[in-house]
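Here come two complexes built around chain A, the first alongside chain B, the second alongside chain C.
Our next item is the complex of A and B:
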């Protein structure tokens, strides 16, 4: 019974925790500008993250080592510095965007400018990360994040897809001069979905919860069903944007705009659902980012770490957490729009993907860590394809960021 | 060895093809700075008009609208000074026409009628006119 409860909770957590400021930003803008023409990118990115999450969970469950600690152990400290530095840069931008997302959600609910609510959002994240046990952090925001399923109800309430929208699925409406914008959104979609912080967080979470070889079914179901269902939220935002925003020539470049389709579908209740979903997803993601990076640093340097320990028992881990949060607050206080920040962070993440994902290929084939649970032929091919994809995205993301003016 | 690497290469080439297919169809790669900025402004004016319409139709709360307008203001402020300096800017007559429409629309963005007391319909008209003109100037 307990096993099935864990599996159900795993699915719920992964479903509710899939979206964040980056995925909402890219999905909203994609639907508004290119109809259904970027759903293929979400599907490819989801398939990639499902495979990576399954692998990182299997690695930790069998080897009893978190992914970051294994990178340091197997490749040495010099190599470890590369993903570490990339992650700190990319995720500090992403954390600022997530905090901004929380602030905007509170702003949409209260009417107060999000600039004033930004420090409140940071304090909320700090309080939760500082004292809450791991299962609260993992399950609380994610269960609230199930509100994102109301986006699917929104599509139904709007009467489904109009006839002229469906062809954009296979013929994206890329007008002359929009190509850079389109490719930029492809890169940002991949960067926002295949987030390395998610892998460090998931791996550390599996370690915190004491996963073992008997947790492999839970890991597989969580990865496949949870992430699969979760991506429906992202696709639903694209569809809503295509149905409501695109005919009105609204580009979905602010989070308030992305919520307008829910107003059309359900009125005031719809926008309240959107704001609650935005709060839950960005709050959950902010916690995952701040913890993911703190885990990465603490595990890499061999410090004591755990969310289930009192701050004094893992002092350097908790100090890292505070410092990283402070860096993100300083970035956010410059007043840059969180949505633009999220798009930029997604591009920077796309740039560092090959560095973050390369160790998979080696570690997942090492019998010293995984015994007979090493990758099979097809999973190795899948990693190579993902790495290839990551390299292409890394090569094109920065020029596209400049050419498209950041979406 | 050859058989092992084939699926990866095929997938990579398929992806590359998918990414560059619009280029093969003869699309211009990127808009000029002016066209891009004008399109974004047109879109933001349209979003502001829709927000105000939804508010007065009872589909949006006053708080949601107030919060949204903070972002519209940030996105659109200073555009009148920025537009003439951008790469690809049109002639003076077109610019003058855009600026004539920009000012009343911007007044609506700065002080939107969130109550029934003021003329919200006139504001929506001004926002829609500006949206149409800016989108047209941006080639949308």
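Our next item is the complex of A and C:
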């Protein structure tokens, strides 16, 4: 009974944890600009994150080691610096975007300008990361995040997909001038869904909960169903954008615009639902980012770390967490729109994916850590192909996007 | 130390690669850091012996490049680098267990300093 409860909870967590500022930003803009033409990228990225989450859970359950600790021990300090530096750069942009998402959600609910609410958002995230035990962090925002399922109700209320939209699924409406934009969104979609911070977070969580070889079923079910359901939220936002925003030529380039379809479907209640979903997903993701990076640093340097300890008992870990939040606040205070920041962060993540995840694949094939639970050959090939695809698309589109002025 | 092979160690179950970067845990179960480098002694008979484990930013910088070693030395002046002699290690393995308690080692001192001078001022720090 307890086992099924924890499986159910795991699925809810993964479902709620799937969406974040990055996925909402990319999905909203994708639907508004290219109809259903980017759903393929969401599906590929979902397949990749399902495989990766299953792997990182299996790794920690079998080897009893969190992923970041294993990178340092197996590859040495010099190598460890590469994923470390990439992650700090990409995720500080992403954390600023998530905090911005929380601030905009609060602003939609209260009417106060999001610029003022930005420090409030950071303070909320800090309070939770500072004192809440691990299971609160994991489950609290996630359960609230199930509000994203109302996006699917929104599609039904709007009368479903118009007939002329469906062909954009396999024939993306990319005009000649839009190719750079399209590729940028492909890269951002891959980068926002395949989030390395999620792996550090998930692996540390599995360690905090004391997973063992008997947790492998729980792990597999959680990864497949949770991430699978989660991607429906992302696809729903694309469809909403395709139904409402694209015919009106609204580009979906601010979070307010992305929320318009829900307002059209349900009026004021729709706006509230969107704001709550935005708050829950960005708040949950901000926690996961700030903790994921702090876990990476603390485990890599061998410091004491745990969310279940008092802050002074893991002082360096908690100081890292505070400093990282401060960096994100400084980035956020420059006033860049969170949605544009999320797109940029997602593309930078896509670019660093091979560096961030190559050591992971090596570890997943090492019987010293995993015994007979190492990866199969096809899983390896599938992941390598997806990571390279993400990196190449990001490499092509990032300079084009910067040249064209961004967004 | 590229020329030192694992067979020079007295007990050949462990290689240098296994020791460097390993987690250091004290007898009261506190993770205080990772092995940054090792110290080797040449004995009169020409054999090489592992004599101590080094921990700290200078030892780490030295692993990256000679220039960084100089810079780190100028910056830290040996203040944060520490040696652990081999007698202090209770058991080897992926985690090196030390014989004494966390407060007996200067290695985790930054942890205590941060708790005492920074974190204690925040509510709920548990100090």
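In the analysis below, the second predicted complex is superposed on the first by the 397 of 407 C-alpha atoms of A that agree within 3 Å, B and C clash if a C-alpha of one lies under 4 Å from a C-alpha of the other, contacts with A are read in each partner's own complex, and residues count from 1 in each chain.
One rule holds for everything that comes next: a contact is a pair of C-beta atoms (placed from the backbone, for glycine too) under 8 Å apart; a residue touches a chain by one contact, two chains touch by 3 or more.
These numbers were taken from a predicted model, which means no experiment stands behind them.
Engineer: Once the shared chain is lined up, is A:171 touching chain B (first), chain C (second), both, or neither of them?
Structural biologist: neither
Engineer: Looking at A:179, would you say it contacts chain B, chain C, both, or neither? Reply first, second, both or neither.
Structural biologist: After superposition on chain A, A:179 lies in contact with chain B alone.
Engineer: One more residue to check, A:65. First (chain B), second (chain C), both or neither?
Structural biologist: second
Engineer: So in the superposed three-chain picture, is A:78 touching just chain B, just chain C, both, or none of them (first/second/both/neither)?
Structural biologist: Second partner only, chain C.
Engineer: Could you pull out which chain A residues touch chain C in their complex?
Structural biologist: 65, 69, 72-73, 76-78, 81, 130-131, 301-305, 310-313, 315-316, 318-319
Engineer: Which residues, counting only chain A, touch chain B once they are in their complex?
Structural biologist: Within the complex, chain A contacts chain B at residues 40, 44, 104, 107-115, 172, 174-183, 186, 248-251, 253-257, 259-260, 263-264, 267-268, 270-272, 275, 335, 337, 377, 381, 384-385, 388-389, 392, 396, 403-405.
Engineer: Flag every residue of chain C that touches chain A in the complex, lowest number first.
Structural biologist: 20-24, 30-34, 36, 60, 63-64, 94, 110-112, 114-115, 118-120, 122, 124-127
Engineer: Could you please specify the touching residues of chain B with respect to chain A in the complex?
Structural biologist: Touch list, chain B to chain A: 4-5, 7-8, 11-12, 15-16, 18-19, 22-23, 27-33, 35-36, 39-40, 42-44, 46-47, 50-51, 54, 58-64, 66-68, 70-72, 74-75, 131, 135, 139-140.
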